[in-house]
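Shared chain: chain A. Partners: chain B in the first complex, chain C in the second.
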Partner chain A sequence: MTAATTDVAEPSQDTRKAGRFVYVAGVVLLCAWVLVPLYFLLINTLSSPEAVNAYPKSFIPEFDLGSLTFFAGFDGILTALKNSILVAAMTMVMSILIGAPAGYALSRFEFRGKELFRLLILLTRAFPLPLLALPLAVMFIRTGIDDTVFGLALVHTTLAIPFAVLITFSLFSGIPIELEEAAWTLGCNRVTAFQKVILPLVLPGITASAIFAFVISWNEVFAAAVLTIENRTLTAFLLQNLDTSPLHLKFAGGFILVVPALIFIFAVRKYLFAMWGIANR
Partner chain B sequence: MAVIEIKNVAKRFGEYQALHDINLTIADQEFMVLLGASGCGKSTLLRIICGLETATEGEIWIGGKRVDHLAPKDRGISMVFQNYAVFPHLTVFENIGFGLRMQKMSNDDVKRRVERTAGLMHIEQLLTRYSGELSGGQRQRVAVARALAMEPDVILMDEPLSNLDALLRMEMRAELKGVLAESNTTAIYVTHDQVEAMSMADRISVMHEGKIVQAASPIEVYRNPAAEFVAGFIGNPPMNFLEATPQGGGKFSVAGHSFDGPSAANSNLQFAIRPEDMTLAENGFPAVAKVVEPLGAHLLVTCELDGKLFRAILDSEMQVKPGETLKLAPVKDRIRWFDPETTLAVA
Partner chain C sequence: MTLLSKFFVAASSIAISCSAVAAQAEVLFWSTQAKPVEEAQAMREQVLSGAGEVDYQPNDGGPWITRLNAELSAGTGTIGVLGALHGDFSAMNTDDLVDLDDLGLGAASDTFNNLAKLGTGNAKYIPWMQASYIMAANKKALEHLPEGADINTLTYDQLIAWSTNVMEATGEAKFGFPAGPKGLKHRFFQGYLYPSYTDGVVRTFASDKAVVAWEKMRELWAVTNPGSTNFSFLQEQLLNEDVWIAFDHTSRLAAAFNERPDDFVAFPAPAGPEGRGFMPVIAGVGIPRTAPDMEASKALIAHMLKPETQIATLRATNFFPVVDVELPGDLPPSVQAAGNAVAIMSASPDANPGLLPAGLGDKGGDFNRVFVDTFERIILAGQPIEAVLEDQKKTLKRIMDETGAPCWAPDAPSEGACPVE
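Here is the complex of A and B:
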């Protein structure tokens, strides 16, 4: 009798152990997937050119700032950095200003063609940018916004808007309509109710979606490379210049691209969690 | 001074007619309950009075002023919602003071008003908390306090107690009635709970399929239902119905017994009687007991009579066994008659 029960109990304990092992292994693998390349990037950035090309590699960085100093003094890199930030910031502001009202309308109003509208929003992502690049470039030259920060921000906004609309749509849908109605009965009109009740509640989510737009713009390289010549963003600038650079400079360039985005995401990580609905209620 | 007049209000959602030509006048400081099953249009009517919904036809007058073109904030009303709708980003204090702040009331006045209203609802100790830190009952108190703090002419409540557990609901029911009576506001209260309606209302409007079937005092609604629907909806268990065939001279035959019915009627009628208005008597209907439910205070017996289920509430001392035949007689002056054609009561 007792023997039988332990026989039954043991496999289940084994399965639990195995499940735990798979879980931990999965987490370790995923972390390694992200962290190992970043670590190599870091080592190679902080190594002298000789060390970068050497074999076997050392796993301890040398703290040689040669490559980074080179970039700091590199002509045009600060302008490119400034452009990148400008374009990303404009993209962030425009995609929220346009996307959030659309998200609100989608969640609160019934109108003809609503489902079609939602589909169309997603469909904007269905056209590959290379396909649009040439007509866009022609159009931009005609209207005179080619090679400008604003023109590029417009393209990036187009890329970011579907996310802005869909994220804000789910944010607004998560807020019971009764809260708004209660505000209306307590002396608010639609605008003041939005300001006093809805906005404070969705702000974390809006922030998250704004950051998302910022990162989309920061990472985008194709449109930036096609539509700008003088006013290149950091991605386009590095892509253009690193192509023919020695290996250690490529690593350093990659590092320069990755780090600001990482720092930014890290700084606002709690809002990103809010975006997935963990901290929003 | 806030009489509410609802004149010829109708509401259509596309093809669906939610409200048919509603006419109702609610007196100043009256406690009116809109009672009905879900989907009967009671919430829609309340939302039209509130201004959250617009009527397809008709007019709403509050305090002698036509309001159906006004925004909710300009109607002199406050509303309490079923799911509380307490603002989660504000403290209890700021929730209660929300409407006062919108009126640009001074800080001192807001503080005084909030504290007094919180006192009425017994939530003074919760003023610094957020809604996430409150229980359902406490949230409901905050929602009521927030509505009362506005000192509105009219307070509208949409099933305010239905999310609370039974004990709390009973407690809040009595408390709410007391607080509202003192506040001198006209109240419209929507519920599907007939006990709530009976215990709180000055007057009940029973709604069914987008119409008001009867608007009368709770006792009147209970004793003299205006229609079969009301008779079958109010009361737990509801009224019993039996077929009645005319014998001429105002006499009607019901399950083989003769009763004095409405003298003018000369067609088949429904004979109706409340379960508690049945007594045991030698000359009563023979009824076979099917289910016997001892409910403590009394005994609920479900029997078969004239081929239909028939409920009787008897003294709890009675010993009744399933299968036994009871002789049940109705209390004569409690018998009501309904016309099966119109479903309305016939006197």
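Here is the complex of A and C:
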């Protein structure tokens, strides 16, 4: 009997071990997927031009600040950074303010043309920006919101809304309406029930769509380059010029473009993780 | 939740306070040139420092033309001065550019000044700076030069032999060619290979001599670094030594000479049976009809043509002056090397200078496409040369007929549209 039990136990332990190995390998691979390019970006940013062009590459940065110093003295880079943050923040606020109620309506109410509405929302992403930029720019110039942070944020909001609507739609759908109804019976009206019961539950999802909005706005170049001149965003200001720049400046410029977005995502990660119930641990 | 809501409140309040930003009374210099960050910085700090309030904004071609078209169709704009290549201007509607004859400015070369009229009777832009394409090599490659070859009088056959020697010695193909997505390969065919082998570009496109030219191109490609389809700025490959011998635009080789001046040499493009074909690059400055302050824009153009500004521009961008200037002795290594190579190239007894395609209007891109497609089909896809040339000839003929563009050098002059023979 004992022999039989060990016979059974051993393969299951093996499977568990193998499963664990696959799990760990998967985690390591995914982390490397994200971290290795960032690490290379970092070392090349902190390397002298000679080291950047040399091969094989060193894995230890030599802390040469030449490339970063160049950008520190680059005219207008701080203004561009400020504009980028402003546009991204406004895009976040506006896309949530518009997108979340739309998502709520889609999940809670039945109305005519609901399917069509969902499709139309996605359609805003169906047209490439270079196609839309010309008529948009003409209209912006005529209405006077050309070359303003607000005007650009409007365009970026349009790009971000489909994500905001669809993410919040699935969030609200995941919360049973009974919760809301219970709150109504306990003295809440629609607004307070939403505020006290639903909002805390959907906050992580809202954060996720806010991050989407932020990243969409942060990365967008074409509209920013056409619709702003004095108030350029960092991406429009730098990205177009980087592809023709020497390699070491490409790396440093790329680093400068990536870091603020990373800092932002790091700052709001608490709200994002709450989605999987591990908040504030 | 509290942090997030605070963040939202802060963001929206900043947004409201910033949405009303006052426009500044600067001249906006909207350029497709001097785009790399270092060049843009040098333009702002050195070239434009004495020109009053100027906002220098270099852009990719797409946003550049889109913004310009938006301002033209809105009828009001912020762009004061346009800086672009001849090809960018010739793709525009000439009515959208202000006549600049009253400035009394121009290049030392009448050829350039005539190009700048864009087929009208008036100066539509003022030539601003010029460049060309040259060869550059790592000094390590020089010992492999075939016997009797001089880099300053190189022929295409010698170039192929040289690259073959290098390949045999190192085991790697070390000739580099800007065939990448942003590379300027079409100019090599239009201004170098075709004139050198056929003494023409359009008329001789599918001639027997053109077949020879493409056969040579195939031989050259066999000893070319296969990564070339990814190279757009050969200075990078020269610096990391993937490439020892390279052909490219002078300003796209500059970093190599400036970073390691002792390691590289610059020399003229090779010669073929019909001479040493080469072609200039011309950038110009113009004013769109929607410029907000015409006087300030014209003053800026006048500033760009001053001899001292032209020298500052040369230092900043590696593009040479178009007016007669005394070049100082302390120019950066890239400028000295390129200047020398261009001088030897133009003064060589077999020089066969070509001109930029002219009169193609907005078909300039299609014209380039013909050469790029031909290259891709013959060289990369290995299709038979005669068949591809016969096929592409139809496209070329259609472009010439549609635009009615007359022949330009080195093609013999034509009555009406340049014929593809």
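The working rule: the second predicted complex is superposed on the first by the 222 of 281 C-alpha atoms of A that agree within 3 Å, B and C clash if a C-alpha of one lies under 4 Å from a C-alpha of the other, contacts with A are read in each partner's own complex, and residues count from 1 in each chain.
The rule we apply is simple: a contact is a pair of C-beta atoms (placed from the backbone, for glycine too) under 8 Å apart; a residue touches a chain by one contact, two chains touch by 3 or more.
Note that this is a predicted model, so its numbers are computed, not measured.
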Exercise. Should the pairing of chain B and chain C on chain A count as a clash or a fit in the superposition?
Worked result: fit
Exercise. When the two structures are overlaid on chain A, which partner does A:Asn189 contact: first (chain B), second (chain C), both, or neither?
Worked result: first
For this session: Once the structures are superposed on A, label A:Leu262 by its partner contacts, choosing first (chain B), second (chain C), both or neither.
Result: neither
Problem set entry | chain B versus chain C as contact partner of A:Val149, first or second or both or neither | second
Exercise. Just chain B (first), just chain C (second), both, or neither: which does A:Pro200 touch?
Worked result: both
For this session: Please work out whether A:Glu178 is in contact with chain B alone, chain C alone, both, or neither, and reply first, second, both or neither.
Result: first
For this session: Figure out whether A:Leu86 sits in contact with chain B (first) or chain C (second), or with both, or with neither.
Result: second
Exercise. For chain A, which side has the bigger count of touched residues, chain B or chain C?
Worked result: C
Seminar exercise, completed: After superposing the two complexes, the shortest C-alpha distance between chain B and chain C, in Å, is 13
Exercise. Do any residues of chain A touch both chain B and chain C, and if so, which are they?
Worked result: 200
Seminar exercise, completed: As the complex stands, chain A meets chain B at residues 176, 178-179, 181-189, 192, 196-197, 200-201, 281
Seminar exercise, completed: Seen from chain A, its contact residues with chain C in the complex are 49-50, 53-55, 70-71, 73-75, 86, 89-90, 92-93, 96, 130, 133-134, 137-138, 141-142, 146-150, 153, 199-200, 203, 206-207, 210, 221-222, 225-226, 229-232, 236, 238, 240-247, 249, 253, 268, 271
Exercise. Considering the complex alone, what residue numbers of chain C touch chain A?
Worked result: 1, 4, 7-8, 11-12, 14-15, 18-21, 23-24, 28, 35-38, 40-41, 44-45, 55, 57-60, 62-63, 66-67, 69-71, 73-74, 76-78, 182, 233, 235-236, 239-240, 255, 259
Seminar exercise, completed: As the complex stands, chain B meets chain A at residues 50-52, 71-73, 77-79, 81-83, 85, 87-89, 98-99, 102-103, 143, 146, 150
